[in-house]
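You will see chain A twice below: alongside chain B first, and alongside chain C after that.
Up next, the complex of A and B:
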C-alpha cells in the first residue's frame, strides 16, 4: 500500500520505539492502578516492549483501523495470552485493560511532537475528552463484571445445594449420596442439609454414601467425621457406605481411620444394617 | 437469681433449659442436678436444650461434665433437641461430646434412657451382688 509512508502512527512506532517504551513504562509505574505486588517492573517492561514491536509490525501494513484483519493476528495472540496470564495472577478486568489504554498517552505525545503545528489548546481538550470516555468505559466494564460475578456465584450456590440431596428412603432412614469431592464449603452445605432433614423427618439413622467421592484423603475424612459428629449430636446415628476397595486401601495407607463410625462397603449393606438397628426386616412374600 | 427447674418423673429427672446459659447458671445447674440425682436416687437424666441457641466451649464442656458426674452417681444422661446450628458450632469448636448420649426429641430421649437403664441393670445383675 502507498499509505504506508503517510501514516503517522506507523511512522512513530517505527522511528521511536525506545522513547515510546520509556514513556509508557513511566506512565504505568506512576499510575494508581499499577499492581507491583502481582507483577514486577521487568516483566511489565518486557511485555510493553513486545507489544510495541508487534504493533509496529502490524501498522507497517498500512492498516491501522481494523484489528480483526490478518496483519493483526500476532497482536491479538499476544493480548490473549497477556489477558489470560493477568487473570490468573489476579488482575481485575479494568487493571488489565489499563495496560493497553495507558499506551495512548505516550503514543499521542509522540504524534503531537511529530506535528508541531497542532494547537495546544485543542490538543488538551481532545485529550481530556478521550480520557473521560475511557474512564467511563472502564467503569462500565467493572460494574458489568461485578454483576456477572454475582450471577456466577449464585449459580455456584444453587449447584452446590442441588448436588447434595438428602433422601428419605424409609421412615427413620436418610440417605445422603455425596458425588464429587468434599471441601470445607461443601461440607458446610452437606452438614446443614443433613441436620435440617434429620429435624424435619425425625430420622434415627443417616447413611452417608461416598460411592461418588473420587478420593478420600485426610481432609475429606476430617470433613466426614465432622458431619457424622454433628448428626450424632442431634441424636442420629450415621453409617458411612460406598467405600470402594481402592479407597479403603488408600485410607489405611494414609493412616486415616473412621474410628467409632459404622462403615459398610455398599449402600445395600448399610440399609440392611439400618433396618436391623430399627428392629425391622425385609421378608420375601410366600409365593402362592 | 434465676434457676433452671429440675422435674422428677419416676426415676428420671427432666431438665429443660429455656434461657440462655451463662457460666454461673451452668455451674449452679451442675451443682443442683448432682444433688437431686443423689436425693431422688434417679436412674436417668434428660436435658432438653431445644431452646438453646448459643453455645460456647464452656457449655459444651458442662454437658460433658454433667454426663460424667451423673454416671458416677449411677444415672445415665441424655441430651435432647439440639438445634442444627448448635450441633455445627460444637463440631466447629472441635468438641465431639463422645461420652454424651443424644436424641432428637424428648420422646426418643426417654426411650433411649429406658434402654440405657435396662442395659445397665442387666450388666449389674450379671455381675451379681457385690460382696
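Up next, the complex of A and C:
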C-alpha cells in the first residue's frame, strides 16, 4: 500500500475517474478550439473516458514519468489511433494536441483538492505559468507545421518545372516524355512548354510519350486529348506513345478512346512513324 | 467477409487522390497481385476518389484487405457527405456528367472491378464500395 500512497496521480486516477471525466468534458466543451462540427460530444466522451482508464492502468505501475516504458504501451497505441482519426477528420495539429493538454486542468484540480494546505496564490501563479508555456509550445507547433507545408509546396512546384522537358530529337520532331501523374496544373505546364517548343523549332511532329505515366484514368486521358488538340491547332501532328498493355486494357474498360489520335506502343515505333511521315529513312551503312 | 486490416485516408485535396491510389497499388504489390489487377483497381479508385473530391466536396477512402473463405481481395470504400446523386442510373451511364469531365468515371470504374456497389441519397452523400479479388 505504501507505493500507492507515494503516487498521488495514480491515486486520483483510480479513485475519481468519473469526476475527472465530467470536469474534462466540461473543459473541452467550453474551449474555443472544440470542433463539434467534426466530432460529436458522445465520441469526445468515449475517447476521454478511455484515456482516463488507460492512464489509470499505466500509472498503477508506479511509473508516472516515462511514457516510453512498456506499461504505457496501450496509452501510446490509443493516442496514435486518436491522432490518426483526428487528422483524417480534419483536426489541425494544435487542436489534436489540445485534447490531451486540456486534461491538465481537471487532473491538477483534483490533486489540489487532495492537498488542502496548498497556498492558493502560489497555486494560481504556477497554473498561469504552466498554461503560458503550453500556449507557447502550441504556437511553435503550428508555425512549424505551416513552414513545413510551405517547403513541400515549393518542392512540388520545382519538381513540376523540372519534370516537363521538351526535347527536339530531329529537325521537325519533338518528344515530350511525361513521367508521373498528369493533373490539371501539370497539364498546363506541359501544354505551355510544348506549344512554345512547336513555335520555336517550327516542328511538324510532336511525340507525347507516356511510358512513365503509371496509370491513365479519365482525367489523365482528358488532359492528354486537350494537349493534343492544342498542338494540332498550332499545326503540329501528334503521336501518343508508350501505351503499355495494362494501360490499354484499363482504357478499354473505362471507355476512353483516342479515336483520332495516332498512337504507338513504344517511343521507337513513334519515331519510326514520324520519320516516315517526314519522308525520311534511317539506313544502315553498307561498309565492309 | 473478414477484414484482415484496414486504413482510412482523407480526400480533401487533389494530392490525396494520388496518395490513396498509390497506397492501393503498394498494398497490391506487396501482396503479389498481378499488374493488371493493380492497374484496374488503382484506376477505379482514382476515378471514384476524384468524384468524391470534385462533386462530393471531399470525403474519406477506407482501404481493406479482406478474405472471403479462401479468396483474398482488396476492398475500397469511398464516401463523401456531398449533395448526393439524384438519379444513380443516369450517373452510371457513359457520357453523362454534370461537370466538365468525360462522364466515364462511374461506369468505367464499375467495369474495372470485380464488385461494385453504390449508395447515394440526395442531401446526404455518396458511398461507393468496390472489391478486386486476387
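We adopt the following convention: the second predicted complex is superposed on the first by the 252 of 288 C-alpha atoms of A that agree within 3 Å, B and C clash if a C-alpha of one lies under 4 Å from a C-alpha of the other, contacts with A are read in each partner's own complex, and residues count from 1 in each chain.
As a convention for this text, a residue touches a chain if its C-beta (ideal position, glycine included) is under 8 Å from a C-beta of that chain, and two chains touch if they have at least 3 such contacts.
Worth saying up front: this structure is predicted, and the values here are computed from it rather than measured.
*Asks:* Once chain A of both complexes is superposed, is A:260 in touch with chain B (first), chain C (second), both, or neither?
*Replies:* First partner only, chain B.
*Asks:* Where does A:136 make contact in the superposed view: on chain B (first), on chain C (second), on both, or on neither?
*Replies:* neither
*Asks:* Which holds for A:226: it touches chain B only (first), chain C only (second), both, or neither?
*Replies:* first
*Asks:* Does the superposition put A:90 against chain B (first), chain C (second), both, or neither?
*Replies:* Second partner only.
*Asks:* Between chain B and chain C, pick out the one touching the greater number of residues of chain A.
*Replies:* Touching more residues of chain A than the other partner does is C.
*Asks:* Classify the contacts of A:46 with the two partner chains as first (chain B alone), second (chain C alone), both, or neither.
*Replies:* The answer is neither, since A:46 touches no partner chain.
*Asks:* What is the contact status of A:249 with respect to chain B (first) and chain C (second): first, second, both, or neither?
*Replies:* second
*Asks:* After superposition on the shared chain, which partner residues are touched by A:126: those of chain B (first), chain C (second), both, or neither?
*Replies:* neither
*Asks:* If you stack the two complexes on chain A, which partner ends up touching A:235: first (chain B), second (chain C), both, or neither?
*Replies:* So A:235 only meets chain B here.
*Asks:* Applying the document's contact rule, which stretches of chain B touch chain A when the two form their complex?
*Replies:* The touching residues are 79-80, 82, 84, 86-88, 90-92, 96-98, 102-105, 108-109, 112.
*Asks:* Provide the residue numbers of chain A that touch chain B in the complex, in ascending order.
*Replies:* Touching chain B: residues 188, 191-192, 195-196, 198-199, 202-204, 226, 229-236, 260 of chain A.
*Asks:* Touching residues of chain A toward chain C in the complex: what are they?
*Replies:* The contact residues of chain A facing chain C are 84-85, 87-90, 181, 183-184, 214-219, 221-222, 245-247, 249-250, 253-256.
*Asks:* Help me check something: in the complex, which residues belonging to chain C touch chain A?
*Replies:* Those in contact with chain A are residues 8-10, 12, 14, 18, 21, 25, 35-36, 38-40, 42-43, 46-47, 50, 60, 94, 101-102, 104-105, 107-108, 111-112.
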